[in-house]
Structures are given as structure tokens and as C-alpha cells.
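Both complexes shown next keep subunit A, but they swap its partner, so subunit B is in the first and subunit C is in the second.
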Partner chain A sequence: MTGFRKMTAFAAAAVLLLAGCATTTGGSGGGGDPAGGRLTAAGTYPIESLDPHGAQGATTGTQLAAQAIFSRLVRPGADGKVEGDLAEKWEPGATAAEWTFHLRSGVTFSDGKPVAAADVVASFERMMTLDGPNAANFPGYKMTAPAENEVKLTAPAPDASIPRKLGLFYVIPRTVTAQDTAFFTRPIGSGPYTVNRFAPGEVLAMSPNAKYWGDRPQLANLEIRTIPDLSARLTALRTGEVDVVWGIPDDQLPVLSETDGLTVKTVPSTAVFTMWFNSSTPALKTAEVRRALWQAVDFGTIIKQLYPRTGALADGLVAPAVLGYAKQQPVGHDPKAAKAALESAGFDFGKKLRLQFSDAEFRPFVQAVASGLAEIGVQVDVLEKEKAVFTEDLLALNWDINFQQLATPTYDAASNLGRLYTCAAKRTGYCNKDLDELLAKAGESPDEAERAELYGQAGKIIWADAVGMYPMTVQLAYSWRARVTGFTPDPSGLPDFSHVRLAGA
Partner chain B sequence: MVVRRLLIGVFVMWGAASVIFVIVRAAPGDPAAVFLGPDATKEQIARLTATLGLDKPLFEQYVRYLGDVLRLDFGESYRLGRPAMEAVFERLPATVDLTLTATAIAVVAGLALGLVAGSRPGGAVDRVVSAATIALQSFPTFWVGIMLVLTFALGLRLLPSAGVGTPAHLVLPAVTLAFPFTAIVARLTRSSVTESMREPYVQTARSKGLSERQVLLGHALRNSLIPVVTIVGLQMGALMGGAVIVENVFAWPGLGSLVVDAVANRDYAVVQAVTLLIAGIVMVLNIVADVLYIRLDPRIRTEARS
Partner chain C sequence: MSQAAVLPQQVATRRWRRGAPARVPYVVIALYALVALIGPLVIDYDPVHTPLTDRLLAPGSQLSSGGVAWLGTDALGRDILAQVVYGARTSLTIGLATVLVACLVGVTIGVVAGYARGWLDAVLARITDVLQAFPAILLAIVIAGVFARSVPVVVLSLSVTAWISFARVTRGVALSLRERAWVDAARVMGVPVRSIIVRHVLPFTVGPVVALATLEFALVVLAEAGLSFLGIGLPTGAVSWGQTIANGQQYLETAWWISTLPGIALSLLIINMGILGDQLTARYGQRRTRS
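For the complex of A and B:
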């Protein structure tokens, strides 16, 4: 063999060997349904980490994984009400600054060790030490274990929303330190599933936790895959490589609805399209101007055109499932009245308003709003910003109108109205002492009916003063294959697969 | 020569490390605010900024970063909660798989097409191949990917549409990535073979009584490989960097999606680690191409020795 031929043969062999060796781990075969009891789901966001206390703890991907692997003290039910998970019951102390949770007995981690109050306290302390996004919900809060099956959470001030906030807090074994990242490659939890394989940003493969205290999951295997591109996700659903997909935009729903073997369903989510006005912008200081701008846009038509199946004209600041929702008087479309109101308020039509948003998905909606405002002579600069820039500008109030799809995953207006509309929050440039007082009262009262009433009153002020425009409540679209039974679409985009079955499996 | 190239490589790596350090920090957006989200308190953002060392003067950050890089410490990704290079190495095999397979497809198909076309320049086959290569090079990668998915995954149900798992998962992304590269190799081989066929040594080979096939494969092709090897070395680096779109279309968990997420989230450690790794790989590939060049061309071998 000549040197040239030897070299060519070697190169060819090396290429084939390398190409054949790697990246052939797990996963379903292509082009058809995966084997019997395995359900494959593809969510809207990647799962980059299984650590519910760390930097990724608040992301949808990590929350979706965490609820399958770990337990919480309490969790939100399908109707938004708080349900016990590790805690059987809970009650506030003399004020809502102190809450006691009584733990369920006989619960063990997947390795057979019992879940004790010390594990709950250590997990809380770990979350606070890591100082990630979820820790921001509990500034200065302390957790103790007065008894083996009891934990007490103490807040610096009364906080009636503690049980709902704890829906984001997961319990892991007490032996896991803050720096222990290796644990999360194959973590031990007390949730319905255990991890078989986790490749960040690629796949999370799980099987039922034989030691789970609740009903044992019906699926033999559950695989959550990351498919970032929407069309790739939908193609995988249609080819049968994936069984469940959600977060589907409106324009894709007709095609899926017409595809044999697919079920398409939308479910009201906790999200509301929210367009704050920056009340510290001189042109937007008065409620009359802000109301007039809201009146100028034909949101009904925009929603009908862009979101016929996944949107509805909003009639409140938060979604109906959220504690504190109160129906408000709709703002009708009246461009003539809007223009007259602006003229009488001395509005400067020559000055452009900066309308910022971050996600390309919302571009048509935002542009339609800008176009509606332009019809009465209000000039708008539509600014689509990168997430990093958007967040920085949002906090610095470097905008005049800000678009966000605001969800309330705790199902409690405390984490929306109570957090975003106080003078101290400085989120919208709007400050109203009466509103502050109402929100503070609502945040302190352990009586849910009273809280709902107080948030309703607060909502009325915010709506009437047009702190923002609240055009649309969002429906979340799911689609799943015919072989999937018992699946319930979740309003928060965090479906629970523990009661799902596969036909014929 | 290799030693000289390695020394130059050290400067190239220093340059790449410095440029990426400046670029990521010049980009607007506060990493701590992005990591913690809009609900974080100012105190929390300040604490994280200090933890990340971003409260220090820029020059101090730079000196510390260079020192870490020299110790092969590429820092911790706060977002991912682990060392940046660990996350990068986790994704590297997928990108290497994709790139090597695409290169193999492009080299084999490109050489074959170029050889067939170049052996009879101006003929019908040449015209068809030339038109086909223009088309291959012109189609946008995302469009090719979507068309292949629609045909082979959705229509014929022959291949999986996305993800990894089996060798079949590799076929569509690798073919998509190989499309423009195949065209480049084919066009280069064609012109090189056409030129070689006019050289005196080909006439000599023919006059020795060798068959046209032997002349083509044993003499013309071997000499035509020299520019092809150079371009393969350069293009493999470009493929690694340019696989982002293909990775997105096929949910291929490689470096592309990792770096896109890292840039969007201002994850400096990961962006820096990926950039330096790719720069290092491109540098090594170029040295390998130079070595192969010497092996293939006796004239350069002699020059190098002297």
C-alpha cells in the first residue's frame, strides 16, 4: 500500500469510527412510535438544570422537571387552590407572619430514607444560601423544625401568600450541600418519578418512583425532550416521535386540528398581556392620557385576527383563576373620543413613545397596537429588545410603554399586584398611597375572602387609573396523540404526567 | 514548520481570548439582572455581581481571566450551576459527530462529483454537476433542513425529524450541513482535476499505457487533492461554528444551541469557553491541513526540509 493510500484509508476509518461512536445514547428510535410504555413530551423551554434551588430554579424547564422528581410542602391544584403535598395541613399563627406546616408521615425519598422536617429546613436554607430567583420570594424568612413532623416558616412581616409561594419550593435530602452539583445529575427525590438519564438541554428520562407515597404513575417511562424550534416540535408530534406538545401558537392550531390522531385543546392560563405605561414619562403622567391611549386601540379586532383560539379580551388585571381576580369595566374602542381626550389634555403628538418588548413571538401584536395608536396621530417607536437589554431597561424604566405576558404561577395576586404596583416597587413610575395601603392589607390578611375583596378594590384603582393596558387573557394550547389517555392540560404550562396512561401499554 | 505554527497559534489564542473578553463585556445587558430575572432585588443583583467578580475594574477582570485561562480554568457558569467547560465538553461530542459526518459526506460526494465533472470538462455531466453545485451552495441551510424533514421524516417516515439517539438521527442534519460544503469541494475538485489533466505528467502517464481510470485516480486526483485538503481544514472549523441553524432545526444538542443561549443570557463563562475551544480546534485543524499538505506535495516537503 502506498503512503497516500494508507493515509486515505486511515482518514476514512477515523471519520467513520468517530461518526459512528458518539451521541448514540438512549432516546427513541426514529420515524415511528416509541416502545410501549414510554411517553415522550416536548415542552416549550429547555431543562438545563435539575437543581430547583439554583439559578435555573424559577425557569419553566426546571420547574417541570422538579415537580416530577421532588415533593413540595404544598402545590397548586388544577383549579389554582393550594393542595397539600408533603404537608397534610398548615395554618397561620397569630398573624400571617408565621406559618406551621404538619408533614405527612411515612414519606420516603426514592432511596428509601424517610423525609423529615430536617430535610425541609435544610432545603429551605440551601435555597436561601444559593440566593437564586426563588429566594427572592422569601427575603429575611426563616424556617425551623419545632418537631420531627412539623416545620415553621417565619416572615419579617405578615405574608398571607406564603402557602402559594411555597409552590416553588422543593425538598431534597438534607445531605446535599449548596455547592453539590453532582447530586443533580441523578438526583434523589420523593416525587412520582426518578431520573434514569439527564442530558441538560437535551433529554430528561424518568421512570416511576417505586417508593412514592401517592398513586404510582402509570407510565413505564417518561421522557421530556428539548426541541427548541417550534416547527421541529410540531413535526415530531405529527411523525409520532413525540406524544405531547404545548405552547402552540394560534396559527398552527388549524393544521394540528385537522391531523388524524391528534387532540388539540386550549386551557385558560394565568397569563395576561400587560402593557404598562411609564407614569414617570411627562406625556403619560395623567390617567386621562393613559386611558385615552387604551381607548385608541381596537384590541377586540387585533385579538380576533391574531389569537382567535388562544386569546380573549381581558376583563381584569389577573386571570380569573388567580386569587384576587375581579371583573372590571371593559375599555371600549373609541378613537374619536381618545383623540379628543388627548387634545384636551395637551398631549404632544410630535413626540414619539418608546414601546419595548422582548420576544419575537409578540411582534405582530405589538405592531398592531402601534398601528392603532398611529391612527389617532400618536407616534410610537416599536423597540424589540434582546432579553438582557429588555430586563435592564425594564428595571431602569427606560421605556414609555412596556409589553409583557405576565403570568401568576402562584395563583395569588400578591405576586402580581402586591409585588409590582406598590410605590416601593418602582416598576411603572406610578405611585398611589391608597393603593399601597390596600395592597398591604391584602397581603397581610390570612382570610382568603377578605384578600380577594381587597385585591379587587386595588385592581379597580389600577384599572381606572390605566397604569397599563390589559388587553388579553392567554389560553395555552396543547396537542397530544390518540394513544395518550388521562392527560389534563395545565394552565401554567407545567403538565403533570403522573396520571397519564398509554393506550395498549 | 509545525513548531512555528504552534507558536503563532499561542498568539492567535491570546488574541481570541482578549477579543471575546472585550466583546461580551461591551454587549449591553447586566448578567446578574438576567440571571436573577426582573423580580430580583437590587441587593440580590449587587451580591451576584460581586460573586461573579463583575464589580471589579475591567483590567483587573481581564488579568484574572487570562490567568484562569492559562490554568485551563474557564470559570463557573452561574446559570448552569457548574464549570463552563464541563457544559461545553458535554455538548462537544454532538457537534463533533455532526461536523465529522457532514465533512465525510461532503468530501466523498464532492470529490466524486468533481472528479466526474473534471474528467470531461464541458461535457453534459460537467454541465449538470456545475448547475447542481451552484444550487447546493445557493439554498439556505434552514430551507434545505426543512425540505429534508418534510420529505424524509413527515412524508416518507423514513428518518427521525429531530433529536439524537440512533445513527438514523444523524442523517438529516449531517446531509443538511454537508450541502454547501459538498458544492465547494466539488467545484474545487473539478477545476483542479481539469487543470491536472492538462499537465505533462498526465500525458506521460498516458504514454506509459495506463488506463484513463488509472490516470485519473492515480495521478490527476492525487495532485488535485492539495487545494481540497486546505479547504477541508478551513471549512471544518467554519462548519463547527456554523452548525447553529442546523442544530436548531433538528434539535441537535451541540455547541451551537449552548452558545446561542449563553449569549442571550450573558453567560460570559460559557461564551468564552466555547469561543476558545472552537478557536483551538480551528487552529489544530489548520496545522493538520498544513501537515497533510506537506505529505501530499513533495515540493513543499523539500522546501520544509531545506
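For the complex of A and C:
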């Protein structure tokens, strides 16, 4: 009798457990939605906040949400060129220190109120007051509204990259104060979507904004879910619980490609694996030593083995889509020459170099690099650090070689080369007066072709002096189910769902 | 009475029959110790070297260097068998060191508290109570996370809570022992306290402490693997089962051997340690009233 009771109790518990699973994993299933047109996406990073001006404003998750809910003055297009969003046209003043943006007329927020220049100015001031990471792009910048449909941004010094930098600036209603957090639980914006439900780090459910000025999105419902565990995310894609997934590691791609009903595609991102040398370390002071270390590692083989589909040998400091990209002479793998160069430079083989990095996903790559350096007798201490510690040490130059996946979300070398390689930046311990001059000139010129040319010259110096190693450009892998049509993978991991349709919906 | 009727021969066979499965843990643990001691001398392994052309090979595959990867290779082409062998050494070393430190600290505090009684006992007992209120693994994660990664830090972070059970057990033993006639006699004869503790109290704690140490050892090995799995334990240069298991996490579907084989090695050791601990507890363990 007791045995039977136990059995029933066990069975009941099992049923409950299963039912529990069903509600948590299957509740938002895309397949059988009667209304049709519900798309579920699962990105790489969680959406912790919807406030694009706040401390989380620069994170990929918040950016992804913000571009669906809010509008910007301008936004980067698929090819990296600047497109108008709220602004119809824009032009610099006498110098690039002053930019005027003419607003599109007839744009309203989702509550029906018109978007005016005052909203844009108030949003800019809110961003500057909150002093989040995006505000750091505009130190001392002022925005004014000289007319009802015109805003003017004034920089303390000429800055030609302003239109591209403004791709990170979102407009919200002027009534929202800096400390207003309640607004962002159901925010009002002028973007293609409005928010139905938001649970930080879990789910963001949206539906089309009926008042959107552009083409109305085709999907009836768009849900962006956070599934932190990679294998769970891929399983969800295969079972149909999720329709679109991106940021998939290379080793998982063959399995997905073989699965019926899944499309796998990679797009070149703006990210480049960047491995700076700390030029203020005595051992790495000379360009000969740094170049030799670069030569010692067989990056070609490493990339072919670890990133056959999502990586390619880099031939520039920034990705080809970025303004300021210039092709450089590839550094070939030559361990013998490397060893000889190190010996003639008097390199101390007894001393260990500290190689720091942060994310576990890069561990194999970094370890393979350390293995390559070890082969010519250079000892490397591979230090995997927690994100906060890593950033602190990075800024304090508390490393010898630093690994980072460096993206250029503004598609402008100003925010990469112009920001990181000046003497004043003190980011790599490298200082070169000629380079400083070139970068300053490139930052000021309003002519894009001239800027690209100047950044190209600067890149040549950085590449030749081996301020760092620039082994690989990164491709971002996307996979989506067959019923999703019209989806374009985005190079920055911020896909736009407004043109996506669902077959049969 | 009935025992007299049984031939000594039969008793021996029965004991042997009953004893054979009981000896399994000894054999398994001895095997692990042997592998940890001798294995690294036989198998050559350099965690820094990454032969990428051999990556993700299935168990029994031919390596490009001509050898055979009996247990397969990981995502960087490193041999899994070597990682299991070197990981055994790491696990056993850290387990032994932690248990030793915890044992020394715990027994000292426990005996002093139990023998002294009074305010000293009150203070020490409350300290152990307060520490016990913290989840052990959380405390270990905090300590291991704050300092740079190294073996001593892992040992320290695991010992911080491991000594508590030793202290509690020895305190109980000492409390009851100090009332026994031979201790009283020694005290009356004017034997110094230190000698009483060393000669008349400590020897009686050995049984329960050894039994407890075995169980603690299993827990420590598991906790170390857990820390390494989370990537906060040992430096990347060290080989640990936890690290290998973590490395294979995303390959469970395509290359199951990376996580599975070290996982089996770990669970076999833990299970056998647990059985051995139970046996020892049954034989030497102090029957304690739960407080």
C-alpha cells in the first residue's frame, strides 16, 4: 500500500514537473499562435534596461531594444553609411564643430504627440545629465533648437564623426526626467514598435507602432527573449520555440546547417580581434620585438581551425565596412625570423608576458596564441579576468598583451583609431607625435574621402609599428527558421525586424 | 552460543564474502592515488601546447604526431586521457592539502574548546556557528574570486569552511573525555594540560576524525571541480577536471567525450570516497546527539 502511495506521489510529482517545464519553455512557442505573425528571437546578450541614455545604454541588449522602440536623428545603414531617421538632411557649419539637422515633419510618438526639436534637445540633455557610456562620446557638446524643426549640435572642437556618433543617441518625449525609471517599463517612442511587456534580462514583447512614420512592420508580435545558455538557445531554435538566433559559435554551425528548416548565414561584423602590446613594458618597447611576436604566431592555422566560417585573417586595423579602413600588408608566419629578431633585439626569454582577456568564449583562441608564442620560447601567462577587473587593469596598463574583440559600432575610425591610439589616450603605452597629428587632422576634416585617406595613413603607422596584433576580422553567424522571410542579418548584432514576414501568417 | 557451532573456516568465508565488496573503495582509491603519482611520469602533457590539427578527435583516433588519443582530444587538440591523469593529481593534491589544513585547524580549535569549556568554549563554539551559517561554496567563490588564481588560494578558500565539522566533532569528543577517570587522574597527578591533551585526549579523536576526513575529502574534491568549472579556481595553466568539463560543455552534442570522461573519473572517485567514509564512520564514528 505504501509502495503504491509512493508510486502515485512520484508520478504526480513527475507530471507536475513536466507541466511546469511546459509552461516555462513552451508558453511562447511560435508555431501555433492563432493570431499569426509572432516572431521570437533570442540574441546573444540580455536586455537589462530600456533606457538608452542610462548606464546600460551602450550595451548590445539595450541598443537592440532602443532601435525598435525609439528613433534617432540618424542611423547607420546596412552598408555602414549614415541614413536619416528623424532627420531628413543634415550639414556641417563653417567647420565640423557645428552640425545642423533638419527634422522630418509629421513624425509622432506612439501616444500621438508630435516629435519636435524640443524633444530632441531634452533627450540630448537627459543623456548628458545621466552621464552614461554614450554621453562619453559628446564631452562638452551642446544641442540647441534654433527652429521648430531644426536642431544644432555644437562641439568644442571640429568633429567630423558627429553624424555617425549620433547613431547611439535616441529621442524620447521631453517630459521624461533624468530619474524617471517608471517611464521605461512601458516607454513611449517614435520607433517601429511599442512595448507590450518587459521583464529585464528575460523578455521584451512588442507589437507594431500604429503611428510609426515609416513602413509599418509586418509582424503582429515581436518577442526578444534572453536564453543565457548557448545549448538551450540552439535547442530552442531547433524545436521551433525561437525563430531567430545569432552569435552562434563556429563549432555549432555544422550541426545547424545539417538541420532541416534552418538557414545559417554569416555576415562580416565591424569587430576585429585586437591584441595590443603594452609598449610601456620595457620588453615590448621596440617595434622590432612587437613585430617579431606577431610573426611568431601562426594565425592563419588558428583561424582556419577555430573559426573556419566566422573568422578571416584581418588585413586592416578596422573592418572593411568602417570609414577609415585601409588594406595593410599581411604579417606572415615566420617563427625562425621571429626568433632571430627577438634574439638580436636582446629579448629576455626568461620573463613571462602577461596576456589578459575576459570572455570564456575567447579562451581557445588566446590559448592557441600562447601556444604559438611558446613554440619560439616566449613564455606567456594567460590571465582570464572577470569583466570589471579586466577593464580596470586594461585602463591601468596592467598587462603586457591585451586581447579584445574590438567593434566599431559607429562605422567610423574616429571612435576606434582616433580615440584609442593618441598619446593622450594612454591606452597602449604607445606614443607617436606624427600619428597624433594625422589622427587630429582626420578627426576634423568634414570631407569623408579625405578622412578615410588620413585614417588609412594613420593605420599604416600603427600596423607597421605593431602597436598590437590584428589577427582576425569577425563574422557574425545567424540562423533562422524557414518560416521567417525577409530577414537581413545585421553586422553589429542588432537586427532590424521591421521588414520580416512570417510565411503562412 | 550459536557462534560456537560455526566452523572458523565458515566464518572466514562469510567475512570474506561480506568483505569483498567492502574492499572495492580501497582498491579504486588506491588506483587513483597510483595514477596521480605515476601517471604524470608516464604520460607527457603540456597544457600550453595546442595541436589544433588534432582538435575534437573521437576516442581511439590517430593523432597527427602518430600517437593514439585513447580518450579523444578537446577543442584545442589536447589529449583527454592526459587531462584526466593530470587532473587526478591536481584533485588529490588539493583535496589532501585542504583536508590537512582543515583538520589541523579544526582539531586544535575543537580540542581546546572542548577541554577548556567556559568562556573560551563559548567564544569558539559561536565562531563556528556563525561560520556555519554561510553557504560554504559561496564563501569559497568569494575568496577564490577576490585573489589571483593559484593553488594555495583554492586550498585556503576551501579550508575556510571545511574545518568547522572537524572542530565540532573533536569538541564533542573532548567534552566527554575530560570527565573520564583517567583524565581526572592525570589532572590530580599534576600532569600539565598540554600533555593531558596530547596523551589522553587527542588519541581518542583519531577514529572519528579519520572517518570525517574521508567524507570531507570527497566534498573538497567536488568543490574544487566546481570552482574550476566556474573558471575561478585554478590558473589556466593548471589541469583540473572541472576545467576540462567546463571546456567540453558546448560540445556535449558533437564531442561528448570532453566533458563525460573527466566527469566519470570525478564521480567514481567521489562515490568511492563516500562509501569508504561511511564504512569508517560506522566503525570509528562518534555517535553524536544532533545539536
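The criterion applied here is as follows: the second predicted complex is superposed on the first by the 471 of 505 C-alpha atoms of A that agree within 3 Å, B and C clash if a C-alpha of one lies under 4 Å from a C-alpha of the other, contacts with A are read in each partner's own complex, and residues count from 1 in each chain.
Definition applied: contacts are C-beta pairs under 8 Å (C-beta built on N, C-alpha and C of every residue); 3 or more make two chains touch, one makes a residue touch a chain.
Here the structure is a predicted model, which is why all the values come from computation and not from measurement.
Student: Just checking: does A:E386 make contact with subunit B only, subunit C only, both, or neither of them? Give me first, second, both or neither.
Tutor: After superposition on chain A, A:E386 lies in contact with both partners, subunit B and subunit C.
Student: Return the chain, subunit B or subunit C, that is in touch with more residues of subunit A.
Tutor: More residues of subunit A are touched by B.
Student: Given the touch rule stated above, what does A:E202 touch, subunit B (first), subunit C (second), both, or neither?
Tutor: Touch partner of A:E202: subunit B, not subunit C.
Student: Between subunit B (first) and subunit C (second), which, if any, makes contact with A:D131: first, second, both or neither?
Tutor: first
Student: With both complexes superposed on chain A, which partner does A:V255 reach: first (subunit B), second (subunit C), both or neither?
Tutor: A:V255 sits against subunit C, while subunit B stays out of touch.
Student: State whether A:T239 touches subunit B only (first), subunit C only (second), both chains, or neither.
Tutor: first
Student: Counting only touches as set out at the top, which of subunit B and subunit C does A:D447 meet: first, second, both, neither?
Tutor: Neither: A:D447 stays clear of subunit B and subunit C.
Student: A:E83 contacts which: subunit B (first), subunit C (second), both, neither?
Tutor: neither
Student: With both complexes superposed on chain A, which partner does A:S231 reach: first (subunit B), second (subunit C), both or neither?
Tutor: both
Student: For A:Q367, decide between first (touching subunit B), second (touching subunit C), both and neither.
Tutor: In the superposed model, A:Q367 contacts subunit C only, not subunit B.
Student: Give me the intersection of subunit A's contacts with subunit B and its contacts with subunit C, in residue numbers.
Tutor: 231, 386
Student: Using the touch rule from the top, collect the residues of subunit C that touch subunit A in their complex.
Tutor: Its residues touching subunit A are 48-50, 52-53, 55-56, 75-76, 145, 231, 235-237, 246-247, 249-254.
Student: Can you check the complex and tell me which residues of subunit A touch subunit B?
Tutor: Subunit A residues touching subunit B: 3-4, 7, 12, 15-16, 18-20, 22-32, 46, 48-49, 51, 54-56, 58, 131-133, 135-137, 139, 181, 184, 199-203, 225-229, 231-233, 235-236, 238-239, 241, 386-389, 391-392, 394-395, 419.
Student: For the complex, which residues does subunit A have touching subunit C?
Tutor: Contacts found on subunit A: 230-231, 249, 251-252, 254-255, 301-302, 305-306, 360, 363-364, 367-368, 370-371, 374, 380-384, 386.
Student: In the complex of these two chains, what residues of subunit B are touching subunit A?
Tutor: On the subunit B side, the touching residues are 27-31, 33-41, 44, 47-48, 78-82, 87, 90-91, 93-94, 96-97, 100-101, 103-104, 146, 149-150, 153-154, 157-170, 222, 248-251, 253, 257-258, 261, 264-266, 292, 295-296.
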